[in-house]
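In this document, chain identifiers A, B, C and D correspond to the written order of the chains, with residue numbering beginning at 1 in each.
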Amino acid sequence: MRVAIIGLGRMGAGIARRLMRAGHEIVAFDVAKEAVAALAEHGAIAATSLEDAATKFEGQKVFWVMLPAGEITETTIAQLADLAAPGDILIDGGNSFYKDDIRRAKVLAEKDIAYVDVGTSGGVWGFDRGFSMMVGGPAEAVAVIDPILESLAPGMGAIERTAGRGDDADPRPEKGYLHAGPAGAGHFVKMVHNGIEYGMMAAFAEGFDILKAKASDKLPEDERFDLNLPDIAETWRRGSVVASWLLDLTADALARDHALDQFSGNVADSGEGRWTVEAAMEEAVPAYVLSAALFARYRSRMETTFGDKVLSAMRYGFGGHVEPK
Amino acid sequence: MRVAIIGLGRMGAGIARRLMRAGHEIVAFDVAKEAVAALAEHGAIAATSLEDAATKFEGQKVFWVMLPAGEITETTIAQLADLAAPGDILIDGGNSFYKDDIRRAKVLAEKDIAYVDVGTSGGVWGFDRGFSMMVGGPAEAVAVIDPILESLAPGMGAIERTAGRGDDADPRPEKGYLHAGPAGAGHFVKMVHNGIEYGMMAAFAEGFDILKAKASDKLPEDERFDLNLPDIAETWRRGSVVASWLLDLTADALARDHALDQFSGNVADSGEGRWTVEAAMEEAVPAYVLSAALFARYRSRMETTFGDKVLSAMRYGFGGHVEPK
Amino acid sequence: MRVAIIGLGRMGAGIARRLMRAGHEIVAFDVAKEAVAALAEHGAIAATSLEDAATKFEGQKVFWVMLPAGEITETTIAQLADLAAPGDILIDGGNSFYKDDIRRAKVLAEKDIAYVDVGTSGGVWGFDRGFSMMVGGPAEAVAVIDPILESLAPGMGAIERTAGRGDDADPRPEKGYLHAGPAGAGHFVKMVHNGIEYGMMAAFAEGFDILKAKASDKLPEDERFDLNLPDIAETWRRGSVVASWLLDLTADALARDHALDQFSGNVADSGEGRWTVEAAMEEAVPAYVLSAALFARYRSRMETTFGDKVLSAMRYGFGGHVEPK
Amino acid sequence: MRVAIIGLGRMGAGIARRLMRAGHEIVAFDVAKEAVAALAEHGAIAATSLEDAATKFEGQKVFWVMLPAGEITETTIAQLADLAAPGDILIDGGNSFYKDDIRRAKVLAEKDIAYVDVGTSGGVWGFDRGFSMMVGGPAEAVAVIDPILESLAPGMGAIERTAGRGDDADPRPEKGYLHAGPAGAGHFVKMVHNGIEYGMMAAFAEGFDILKAKASDKLPEDERFDLNLPDIAETWRRGSVVASWLLDLTADALARDHALDQFSGNVADSGEGRWTVEAAMEEAVPAYVLSAALFARYRSRMETTFGDKVLSAMRYGFGGHVEPK
C-alpha cells in the first residue's frame, strides 16, 4: 500500500526503506532535501512539501509522521489535518506523550480523520531486525494500515512460541506488534516499555558497578577480586536468568573496551522515563525502581549537587566535620 | 570423568542426570534413599554414606556438594574434608556466601585439598537448557573439572556470537561458564547476578503494575485504558529493548492467567539479594535499584507496617487527620 | 485591617479567629451557615454570599480564600475576580498547585487585581502556635496584607535567633513568614516543604520499624531487643540530632499507645508530595528520598500489588517456586 | 562519683569537662600527653597509662572508653578487662557496632565485670547542651553510673513535657537518656538514630536542591523562581512541620553563605548508616529512605560511576546515542 513518511531521520528513513523492501509505495518528505533525494534513489516518490505529499494519493491518504516529539510534531499534524479529507489516516510514529494523542484524536475525529499513535522500539537495529510497535487508535484504521505494520514488525523469527499462549489469541503480538487500544494507548504502552527499560538498564549498571568495585584496594586484600567483566557478561548471555538483549549489548560493548573509556557516563533521558513516573503517581502505584533509574541519570550529569553541600553544612554544624574539597 | 554428587534435590538430580547423559560417571548420595535409588536407575553409582561415596574413587576424588546454603553445607564440607586426600577436589555448587568460600578454601588449602565454588543459574530449566555457571577456585582444579563444567553448560546454542569478542578471548564464557577467579569469586559473581535479577524483575513488576492500574476508575474516564497484558508481554518479546528470558516467563504466565490469580504475591527472597546490597555497602557503591527491589519483596509479605502507623500517628498529631481503618 | 475569609473549615476558622484576636476585622463567608454564625459570635461580620462579602468593604477589598484546592477554589476565585475592582487583593491560602497561581495571577493582573498565594503550614495547631506562611505575589500587595500575615505568624517566640543571620536580613522570616517571590512562589515553597515533610516522616517511620522489629523471633535470640519505643522517642527529643516537631508528635502518640493500635496505617497523601517529585523531574534533580516517601504511602493503602504477583509468576517460571498464599 | 575517661578527643574531653563541672572526679588518660595535661589543668586526675588509671580507684572501678570504633576500642577494652576486678564497670561510649557489644558483654560477664554501651549523640554541642545517651547493659551497673549519665544528659531544659506521657513512666528519657536494654541495646538504638538522621538530612538536601534548581534557565521563564534559601530555612524554623535542630543548623549555614561554597559536597558516612540498613535486611523490614540517604553519600564522593558508563554503552548499542564527554 501507499503511505507518506513525513520526517526522514534515522528512524523515518529506516521505516521507509523497510517498507519499500516489502513492496510498499513510499511518498517521502523531509525539510532536508538530501534526505528525500536519498530515499528517492531507493525508489521513493519524492515530495517537496506536505501539500505536495498530499497530492500523491488518490483516495484515502495515509500519513506517517516520524518527527521529534513536541512542537514540530504538533505543528505538522495540524498542517496535515488541514490537508486531510474524511476517512484519511494520520499516524504519529514518534515519541509523543499519550495525552497529546488523546487530545489530537478527539479534534481529528470531529473531521472524521483517524488518528493512530504508534510507539516504536527498535532503534538503529529496526531496519534489519524489524520494529516492535505498540499501536493506539480506532480498530478500522488500524486494520487499514495492518499491511504496513506487519511489514515493519520483526515477525516470529527464531523466537520460540510462548507455550501458554492459546491459538485463539490475537496473532499480531507474536509478530511483534500490538493494537493496544484507543488513541494514546500505543504511546502509553511504549512509554511504560521505556520506563521498564530504564529500570533494567539501571539494574545492570548497579550490578556491574558492584563487580567492578570488587577490585578496590579499600577492601580487605583477601576479599578483593579483579573480575573479567566482558567474560561475565558473555557467560550470562547463555542459560542465566538475566539473559536479555540489553545484556547482549553490554557484552558487546565490554568486549570492545572492558573499561568503557570511550563513554562519558553523562546519561541522557527522554520524556518516557519521566512520564512513566508521572503515570505511576497519577495511579498511586509505587515506582521505586523506575524512579531511581531515572534519578540516577539526572545525577550522572552533575558533578556535585547543592543538596550534597547542604549535607556537608549540617555535618559541620552538628559535628564540626570538615570535608575534603 | 567420575564425580560424586552430594545432595540430590531438584538441582542436584538435574546436574547428575545431565552429566550422565554426557557420559560421565556419577556417584550419587543423599540422605533420602529414594533419591539415590531414582538416580541409580538412570545409571548412577549409589552411595550409602559420604564415607561410602569416597570409596567409589581410585585416585583423585571429586565431590560436588549440592545442598542448601548454611549449616548442612558447612557440615558436609567439613566431613568431606576429613575423607579427602591431598589433590582431591571439593566443589560447593550451592548458594553459599562467598566469604564462607574464602574461609573454607584457606582451611582446605592447608591440607592441599582444592576448594571450588560454583554459582549455578538455570533453575528447573537447567537439565534441558544447561546450567550457567560461575566458578571460583585454583586454575588447576578448575581445569580438572572442565569436562564436567562443559557438559553442564548450555553451550553456544543458537545464540549469536558477540560481534566485538575477539578470538583470543577465553572460549568458556561463550559456552556459558566462567572461571571468575580464586575461591569465592564464583559465588560472588553469581550473587551479583541474582542482585541484578531482582532489579530486572522489579522493573517488570512496577511496569506491569502501571499498565494494569491504567484501567482504574480513579483516573479520568478518557485517560483510562483496559490493556491486554498477555499481548503486551508477547509483543515485547520480539524486537523490543526489554526482550529477555524474564519477559518470556512473564509472557507465558500471563498467557495462562492474565490476572495471575493463582499467585499470592508474597515474594520470598534468598540470601543473594541481601548480600549484594551488603557488598555494595562494603564497596561504598550506590545500589538504589537493587535495594529497592529487595525491599519490595519484604513489603510484599507484610499487610501493614508499624512505620505506616507511625506516619498515621504523626498526621493525626499535626493535622488531626483520621485515616480509614 | 479588614479581610474577608472565604471558607471557614478548620483552617479558615482558625485563621479568622486568630486575626480577630489580634484586632483585625473579619468578614466571614462559608456555604455552611452554621460556620458563619459560629464566627459571628466571636465578632466576625457575617456575609451571606460572595457578593454580600464584597459589599462589606469601602475602598480596597481583600479576600482570603481558604478552600480545598481544585474546582471549588478555581470557581470561587473566578467569581471574586468579577466582584473585585482594580487595586483589590485576592489571596489563595489553600493548597493550590503553584502553576495554577501563575496562570491566575496573569489573568487577574490584566484587571489590575493583585493575586497573592499563601502556603500555610501549622495544621490544627495554628490558632495557638501561629501559622507558618510562604507568600507569593507582587511586593506592594504583600506589603498591604503584612499586618494580617504578622498577626497570623508564630512570631519569634522562644526560638533562639540564628547566629549567622545578619541584621540587614528581612525581618519577616524570623517571625515565621516569608515573601518568597512572585505569584506561585509561595505555594511552590510550601509544596517543597511538604515534600521534605514526607521524607522526614518516612525516615522516622522506617527507623521505628527497625526498632520495633528488633524483638522479632526470626532473629537469633541473643540479638533480639524488646525496645521501649515511647522512651526512645522521648529521649531523642532532648539533645539528639533528630530532635524535631515531628518527633515530638511521635513521642506523644507513642506515649498514649505504644503499639499505635488505633491507627490503620493506610496513609493518605495530598498533591504536594506528588507535585514535589514532578518539580524535581522538571528540574532534572534526583529525589530518591522524597519519591520513596511518597510511594510508601501508596503502598500502605494496598494489600498486595499486581507487580508482586508478576514477581511470584516469574519465580515460579524459572525456579518452580510456589509461594504461600 | 569517680570515673576514668579513656580517650580525650573532642567527645571524650567534652564529657570529662561536663562531668567535672557537675562535681564528678575524673581520671584522665589518653596516649596524647597534652590532652591529659589540658584536662588536668581543669582538675582531672592525670593517668600515664591504663594501668596507672586503674590504680586511681579504691573499690569499684568505672572506666569510660571514648575511642574511635574498631581496633583501638577492641584492644583497649581487652586490656581494661585484664585490669578490672569482679564488680567493676566497663563503659564503651564510642560508636561500636552493637554485635561487638553483645560479644564483649558475654566474655566480661564470665569475669563478673559489667559491660555497658552508651550511644552518644550531641557532637560538638554536647558540652554546652548536654549529651543524648542511649545505654545498654545490666540494670544494676546502669544504676551505679546513673549520676554520671544524669550529669551528662541535657535535662528537661526548656522543652515542653510530652502531654501523653504518664507520671509512672521512667523519668530518665525526659532528661535525655535511656536505659534501652541489655548490652548492645544502647548502641543499637543510637545506630537507628543515626540512620534516621541520614534520612532526615537527605530529605532536606533533596528539598533544598529542588528549591535551588527552580531558578534554572532550563525551565520556562514564567515558571522560574530565584528563591532566597536562607529566608526559607529561617521561616520554617517557626511553626512549620519540618521545624527541627537539623533545620536550625541549615538555616545557620545558609545565613552565613547562601551558596554553601565553602563545602565540597563530598559527604562522608560512618558505620551507623550502613549498619542500620543491614539491621533492616536482617529483620526483612523495608528501608527505602534510609538506604537511599546512604547511597547519596557514596555517590556524592564519585565524579562518575562505571555503572553510568554501562548505561551510556547500552544506549549507544541500541540507539546509536553518543553522549557528551
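Structural remarks
FYI, contacts are C-beta pairs under 8 Å (C-beta built on N, C-alpha and C of every residue); 3 or more make two chains touch, one makes a residue touch a chain.
Here the structure is a predicted model, which is why all the values come from computation and not from measurement.
When the CA atoms of chain A are superposed on chain C, the rotation angle comes to 180 degrees, reported as a multiple of 5.
At the interface between chain A and chain D, over half of the residue numbers involved are used by both copies, so each side presents largely the same positions. Comparing the centres of all chains, each the average of its CA atoms, the largest separation from chain D belongs to A. Mean C-alpha positions place chain A and chain C at a centre distance of 39 Å.
The distance from the centre of chain B to the centre of chain C, each centre being the mean of the chain's C-alpha atoms, comes to 47 Å.
Chain A and chain B have Cα centroids lying 31 Å from one another. Counting only residues that touch two or more partner chains, chain C has 123, 202, 204, 206, 209, 213, 241, 245-246, 252-253, 284-288, 292, 295-296, 299, 305, 307, 318. The residues of chain C lying in touch with chain A in their complex are 241, 269, 274, 277-278, 281, 284-288, 291-292, 294-296, 298-299, 301, 305, 307, 318.
By the touch rule above, chain B contacts chain A in their complex via residues 99, 102, 121-123, 126, 129-134, 153-160, 162-166, 169-170, 172-178, 180-182, 184-185, 188-189, 192-200, 202-204, 206-207, 209-211, 213-214, 216, 218-219, 222-223, 225-228, 230-232, 234-248, 251-253, 255-256, 276, 279-280, 282-290, 292-293, 295-296.
In the complex of the two chains, the chain A residues touching chain D come out as 10, 123-125, 201-202, 204-206, 208-209, 212-213, 245-246, 249-250, 252-254, 260, 263-268, 288, 292, 296-297, 299-300, 303-321, 323-325.
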